[in-house]
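Naming follows writing order (A, B, C and D), and every chain is counted from residue 1.
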């Protein structure tokens, strides 16, 4: 589980508030609407429990689970799910992550950070995973 | 599964839109806030898939699953989850429902009906189940 | 889910520290040893994730899951699992709780409270459930 | 499952005692503290059932499952989980191990051996997997 060897992991803070979760969701949704992408957007707290989930009209139902699992993975492992996707692309030892049941290895999940602490995770699903990630990034920009 | 023998069950319509789900959620949340009750409110479509889920600050994490399952049961079986709770109270043959894994038998789940068709379900959890039901009813009033 | 109708639920606080979890475990274990009871003792945080779990020599392996689920239920629903056991004993409507997958209805799970906030849960299993509860109570006495 | 054809596998002995599990955990934890690494350390017995699990403050919640599964794999298959990680690196037929649901293929799980017999397994998670393994090795040194 690739933490840079020299870095102490970022600590968990207090769980995300509903107010903050709404701001992130609204910003992510605005990006998705602007691009015409039907998405599921999920936000979890520090315990990886759902705080807010929204499925836009015409978003595929399979994305409900995917968005949720991306958010859980980002919060539970304190990193972008892109890290796991890249491990698979690189092949070799990275394939080991396929043996961890609770890890979703699709780009589009990001930890939510505030004041240097992890307060939750966002997961987006519905389009190609790099597009999902673009929407997640747009969401997080709302609290920068 | 007690449908009156003579009645044709209410048909499923088109799945609930996000716009409508938001109106229901907002009305349910307003009731919960007015009463000081921290709640999880879940809305699913005709396929029992999450459309919108919100956990208010200080709502218990165990209620995430309960609210979702109430909504799924209400949509999946086209009736209030209170019907199942009453079957248990009556005892006898009604206890058989405990053998159905996907049925949540706690009051607080209601089908969402529009123009005589079922378009989804709402589930609420966080307080006593009759209070949960009160909040669900307040939500549905928004689209009457 | 029987919160007294008039009471606002106790809020979640910061998740339990390892130091505090150890004190609780040590006190619970001392009680179990004094009584000659082989127990599994599990402590979870506010997100119902394991912080500390210990199986004493000769404790039954089935109790690993039971202790963990008691602790998860106590933290996730902010109450003693005895409440759920009593609902079953009373029969009738209380049987509805059997339809909630994440609820363990055996006495022996308690929320961990500090300064008026819930910081986690303890679950004990290995003997009769009232004995399990006695050990859990002894654990919590360490941080009173 | 590559046991050398000529070797009889190491036999299982009596399951690890709590006393021994504590010594291993303490040594592993001391190593983790010295390095500033927040870890989850799990120890299972010969039946792959949890004997002791500890999550250090600020260890990621996702590591609870990973540490436990590493320990289960090491005990259940009587070898280091590194063996499985190396099978993936080698590619080809070794990829078949991805189809075994109960095998965790991340370094950091080791069988616990005493007097030529397997008495349990240790699994560590929280940093990069070679760092996890370093902590597991430090734990086992306590009973050499």
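Keep in mind that, in the parts below, a residue touches a chain if its C-beta (ideal position, glycine included) is under 8 Å from a C-beta of that chain, and two chains touch if they have at least 3 such contacts.
Not measured: the values here are computed from a predicted model.
K.L.:
Rounded to a whole Å, what is the gap between the Cα centroids of chain C and chain D?
P.N.:
28
K.L.:
How far is the middle of chain B from the middle of chain D, if each middle is the mean of its Cα atoms, in Å?
P.N.:
Averaging C-alpha atoms per chain gives centres 44 Å apart.
K.L.:
Would you mind pulling out the distance in Å between where the CA atoms of chain A average out and where those of chain C do?
P.N.:
Centres of chain A and chain C (C-alpha means) sit 31 Å apart.
K.L.:
At least two other chains touched by the same residue of chain B: list those residues.
P.N.:
Where chain B meets two or more other chains at a single residue, that happens at 61.
K.L.:
Testing understanding: with touching defined as stated, what is the shape of the graph linking the protein chains, line, ring, star, complete or other?
P.N.:
Chain contacts: none of line, ring, star or complete; other.
K.L.:
Throw together a list of every chain pair that touches.
P.N.:
Here the touching chain pairs work out to A-B, A-C, A-D, B-C, C-D.
K.L.:
Okay, in this complex, where on chain D does chain A touch?
P.N.:
Of all residues in chain D, those touching chain A are 36, 38, 58, 60-63, 65-66, 69, 84-85, 88-89, 91, 95, 97-98, 101, 103-106, 125-129, 131-132.
K.L.:
Note which residues of chain B are touching chain A in the complex, please.
P.N.:
Residues of chain B touching chain A: 17-18, 45, 47, 49-57, 61, 64.
K.L.:
Which stretch or stretches of chain C touch chain A in the complex?
P.N.:
Chain C reaches chain A through residues 12, 14-15, 45-49.
K.L.:
Could you please specify the touching residues of chain C with respect to chain B in the complex?
P.N.:
So the residues of chain C touching chain B come out as 1-3, 5, 8-9, 11-12, 46-48, 73, 75-78, 91-93, 95-103.
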